[in-house]
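Right after this note come the structures.
Heads up, the next two complexes both have subunit A, just with different partners, subunit B and then subunit C.
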Partner chain A sequence: MDTNIEKIPTTPPDEITWEDDLKKVGLLRRLLRARKWYGADWWFVAISSLAVLFFILVAIFPSWFAPYTPDTLVGPRFLAPNEIPAVSVLIAPSDSTISSLKDLAVDENADRPKVAVVMGASTSGDLNDTAKQIDADLISEGNGLRLRPVIERYDSLDSALQAVADGTDAVAVIESTEFAGVSQNYTSLREAGSLTGEVVSTSTKGFVMGTNDIGQDIYSRLIYGTRIALIIGFSSSLLSLFLGVPLGLLAGFIGGALDRLLSLVMDSLYAFPGLILAIAIAAVLGPSILNIIIAISVLYIPTYYRIVRGQTLTVKEEVYVEAARSIGARRSEILGRYIFPNVIPSVAIIFSVNVADAILTGAGLSFLGLGLPPTIADWGIDLARGQRFIQTAPWMITFPGLAILLVVLAFTLMGEGLTEIFNPKLRDR
Partner chain B sequence: MTDDILYSIRNLTVDYKTRAGIVHAVDNVSLDIRRGEILGLVGESGCGKSTFGKALLRLHDGPASIPAGELWFDGRDLMKVPMKDMPEVRGAEIGMVFQDPMTSLNPVQSILEHLTETIQAHEPGTSDAAATARAEELIERLGIRHERLNEYPHQMSGGMRQRVMISLALALRAKLVIADEPTTSLDVIVEAKFLDLLKELQEEFGLTILLITHNIGVVAEVCDRVAVMYAAKMAEVGTAEEVFAAPKHPYTQGLLNSVPNIDMDEIELYKMGGEPPSLLHPPKGCRFHPRCPQAMEICGQQEPSFEEIANGHRTACWLYQAHEAAARAKEAANG
Partner chain C sequence: MPPITLLAIIIGVPSILLLAYVFIRGTTGLRRYILTRIVLTVPMVFILGSLVFFIMRVLPGDPVSSALGPKGTPEMIQQIRTQLGLNDPMIVQYGRFLGQMVTLKFGNSLVGGHRPIIDEMSERFPATLELIIPASILALVVGIYGGTLAASRRKKATDYAFRIYAVVIYSVPIFWLGLILQLFFGVKLGWLPISGRIDPIIGTTLQTHTNLYFIDSLITGNWSALGSVVLHLILPTITLGLIQSGLFVRITRANVIETLQADYIAAARARGIREKVLIYGHALKNAMIPVITLIGLQVAILLAGAVLTETVFSWPGMGSYLVERISARDYTAVQSVITVFAMLVALISLAVDVIYSLVDPRVRY
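And now, the complex of A and B:
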């Protein structure tokens, strides 16, 4: 009788496994199936990674997205989102030849011309500013002419225009959009042009997110602020990763006194409330991008250290590490080829959540005025600025806040999604 | 020392430092492993057999140390080899297969990487192609399709992984393979196949295998000789036939009686009384005497030596060496 019936056949049978199955289908199907197998929501990760990619693109090429540079004064101050900036125009009798305020200039001793404005409108400010400018020019020309209009305030548009039509006042200064509606009532009046005589800008475009307290475009500042936020988020996370991971590996692998010393230092750092520690470091180092990066990375080194050290301690005791030693692997090989690759997935996951955290902390530091020099377009600085005008111009603080929220959300969702994919144990939680 | 002995272990002691004190997990054990044999090492859990197996590779670290002993492997004392040169011995001359195949392979390395890394670590000149070719040949020999070399450990079954572990030892033509309970986590069919494979490989490659197990049946099936350990000491060593047919040490007798047998007359299985002693405070004299049905006065006073009672059959029991020593003990008691 053949006693070797249980012998392993020399030609192994064809085994059909789901991996073989998977090789036959296309990429899309594979993604869809992978979702089923890993039980993680791929769309979750896909959408947030697209958002992250978009933010990175914005940070690299802000000029593709922003209409203005962050520092230019583009228009009136405190303009609400999409509000069309008002332009002041002169309304003069049709038979007069007035085409600018300068035409109202008279001899020093003559009667000063009367100009009608509507009470509470922003045009009186424009009138004042322009008149003073022209007056100063006239004085320097030195031919005896002066422009010192008497400003007559009326409580409605109609009474102001009526005064010009009656001849009480020489001209009226009103907003350009207002005259079109009522012009048929005042046939004797015409639009005489802008205060300075230049062509009235016909632009009716406002600013998507409004302007800030010095007339900068908030949208452009947000776009350029992305760059700073991502630079701070990525560099400080990378810096703490490059310091925390090797320290954690060494402490876990070597153990002993080194481990105790490093753990003591890291635990002390960890025990500080995060933002306070960052504030202290930033305050000592002074405001600059590099210093804020250093301050934040010091904050997050213990996170990496603790996770990597813990993982190393676990992996070190795995049988495959002992098996590696039994086939003659050296300590450096064990650390590099057995422990490090088994530890790094958890690091990759916390990295993305960490970037979000670092962006938040960076914005917090700038908000407190400890982060960046105020000339830089940064969300934290914009927040701090907007906070002063939260009642009159809420858009100033809303949009930087939303930007921070979106970026942090995208990074966090991506990190959490990846965690679920790589760690099936969390799936059913 | 005769040439047919591959590994001669002399008076090996392995200590564990614990808070309660020093534990001798292996206490003054001597054993010869002959070239080309399968030697079974059996004993209860915690008797020190795994520690003994690891000590043969000097794999200990942390709380464990080897304070005494000589490890004569193929003509040189491994205890005198500096620790930093031990990796050259491990794998190349002595390989090891571990108990749990599920965790004994690196989850992030493919099977091919495991094999080529092992080959190239010990033979640095080997090209990738040559190492891959060797890996393919080896893995086919062990009954795994070579297409599966690029797979990762989690894609393989327990039996396949255990075969991969064997292939790691064979990749470098290790002279000795220490298999530490290799079949414990496999089911009986896979276990039987694996044991057959071991036996085949031993014949084909002239391999020497130290099979550490608590399963007497496994030993009976494949081993040429058997060593029985009890409480960090060697109790009995002999050929499988002799030990199974005529066990000398009462512990071995008890062990064999407690294995279920289809020809058994009795309904109840024999159950050895008592429990294995704590290695922190081992009993004085023969360590088995508190449980021994044939214990004598001297057993509690003096430790028996590990003596040869027949050709190649050794045991540490006063039943077979009582004469002189017992007399001496009596004299001492009287005097």
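And now, the complex of A and C:
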């Protein structure tokens, strides 16, 4: 009995309200706790902002992620994703000393050496290219030797190899992987190494996303393309923000003739198909990144203008603005201290969705061949290029499109989540 | 009869009949509203046209010297500038431009056969029309059905599936969707053609009256042409339609959910009306009104999407005409096409507003 009484504290407990609780924790923890209020939307925003941060990181340091620069020619053209590039090798009789194509070089007037290839294989192109190069080297050396092989085409691997075994042809040029399977049938033949005599590297890996029509690594171009996409998205949205928000504030606050004129122009601009307007502007300005940014930012000024003007009109009638006015606050002060902070949340939401739209529009413009110089690593340009090879190299169009989709999705989801969080009225919808 | 006249009759006669009906049977308020709306279209076209003029003329960059390239001597440039009237004072050029907008006489194109631009456009315009009409229908069907379904199965798997669909489809680049459809149905499966409006061989048997191939093949009874036209229409329609449908799903869903919470729905439910009738009969009908407004706002997105879709599918419409003329640096044609697009936007939004006022008895201005 006595012990129970002693347990009752002598001083009343501090009244802890949730507000005091919140004040004790830092910003980060407050953000983390917000997930209990906002649920799914909090997760949308969290995950998509992480994705956006990741894309920004990729855009700033593309060389951390990309194995090559976007313009280097890394390998054969039209290599499928992860396809190991075929290396052409020489197959020579075992008793010969041939170790490279150069060993086939003969005197200017002597019989040209015969080389067997399989019809339709990619090796004949390699043979041609390498032979031409070696020939050019030989001419510049000037000791009378030339390399002009006569290419004999056979319709199967076996007949090509048989021709070398019979002595009809000097060597055969086939893909490195093919000889291993049939080598026991041709004991008199051996693999003499690559065309140039360099060691055949067996560790050659394919490219994650394949190569394009001129032999560039698609993955590396994808990584570097992030930079252009984000530059276009952010700078054009920022430009339209800096123009649209002040205009909206002024039109809403001052009203009158200025408001009517601005609204008329902005509404017409808003009604116009954005991409077509951007096409017109980009066509007149000519291709450059700055011009594409200008073209796109013009489209989105009305978006900011309309929202900010509407908000300003509402906030202007609030009691606290009335109060500020009655104690003699200057107009600039009312605008800056009481009205502007109220439009910031909506502007943040529009900005996020706007970046997504701008990236889509920019990709559309460069897909049409407008706006960007064709040498730049850009997703839209890569897609336009891939369209021509849709039958033979479908991987050229799948990956850049996926990249656009992912980046745009991240920004859209962020905007969506922010809308739901800032506009609780809509949350139940 | 030139195709454009026939087309004008096909579009014009029903609209005039509709307007006549409205004016005879409609209330005074409705009549006044529609009249005001028609009158207000004039300044809208005027402002949009001036915007185009301003952008094309005032921005830096000389169309003539870029069209001639490095071969152009200063004399040649001057000659062509005088010929096109680019050396006149800006106000004279503006006046001439407005005149062209009213009379639709845009002059001759700078490249190719130097034909009148309005003739070239009237050949291309039906193709665009044939694309955007079925695409809009598809978008509406998918959007309204999906949105209603999502709203009626709220917070269940169907609902989440449609919400995710709406966000993802909004983020897909339209030209990429077209390419992927081409790749899958055209290249991999080989079911559908991936470019053009009609099989070129069958196309020679088709007599064109309106240049709307669908209508042409129907009225001439050319069934093989009709089949080919429909096959060619499928992929572009799906591309353009699906991209549009995302927004419709969202708006329909939000509005059906809102109407389902209204008192008259609770009253209807209390009377024991079946849930299906409740949703499709009562709630959807009332939720449709904001959706119709959205159609008007979507016109801009629809036309922009049409430009990209036409380019991907080599569809010979207004959009691909614009892109072709930009790469040919045919400045006169580019300006004319964009002006016509501006007029289209104004006219379609006028049409949507008029239909809106007819559908919704609550709107009285």
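What we mean here is this: the second predicted complex is superposed on the first by the 378 of 429 C-alpha atoms of A that agree within 3 Å, B and C clash if a C-alpha of one lies under 4 Å from a C-alpha of the other, contacts with A are read in each partner's own complex, and residues count from 1 in each chain.
Here, a residue touches a chain if its C-beta (ideal position, glycine included) is under 8 Å from a C-beta of that chain, and two chains touch if they have at least 3 such contacts.
Note that the coordinates shown come from a computational prediction; the quantities given were computed from them, not determined experimentally.
In the superposed model, A:405 makes contact with subunit C only, not with subunit B. In the superposition on chain A, A:226 makes contact with neither subunit B nor subunit C.
When the two structures are aligned on the shared chain, A:326 is found in touch with subunit B, with no touch to subunit C. Counting the residues of subunit A touched by each of subunit B and subunit C gives the higher count for C.
By the document's definition of touching, of the two partners only subunit B reaches A:318; subunit C does not.
Contacts of A:342 after superposition: subunit B is touched, whereas subunit C is not reached.
After overlaying the two complexes on the shared chain, residue contacts for A:275 are found with subunit C alone; subunit B is out of touch.
Once the two complexes are laid over each other on the shared chain, residue contacts for A:383 go to subunit C alone; subunit B is not touched.
Interface of subunit A with subunit B (complex): residues 4, 6-10, 12, 15, 17, 19, 318-320, 322-330, 333, 337-338, 341-342. Within the complex formed with subunit A, the subunit B residues making contact are 57, 59, 87-92, 95-96, 98-100, 103-109, 117-118, 121-122, 140, 142-145, 151, 155, 165, 168-169, 189, 192-193, 196-197, 200. Put simply, subunit C touches subunit A in their complex at residues 43-44, 47-48, 51-52, 55-56, 59-61, 63, 66, 167-168, 170-176, 179-180, 182-183, 187, 194, 253-254, 257-258, 299-305, 307-308, 311-312, 322-323, 326-327, 334, 338, 341-342, 345-346, 349.
Subunit A makes touch with subunit C in their complex at residues 264-265, 268-269, 271-277, 279-281, 283-286, 356, 360, 363-364, 367-370, 383, 386-387, 390-391, 394, 397-398, 400-401, 404-405, 408-409, 412-413, 416, 426, 428-429.
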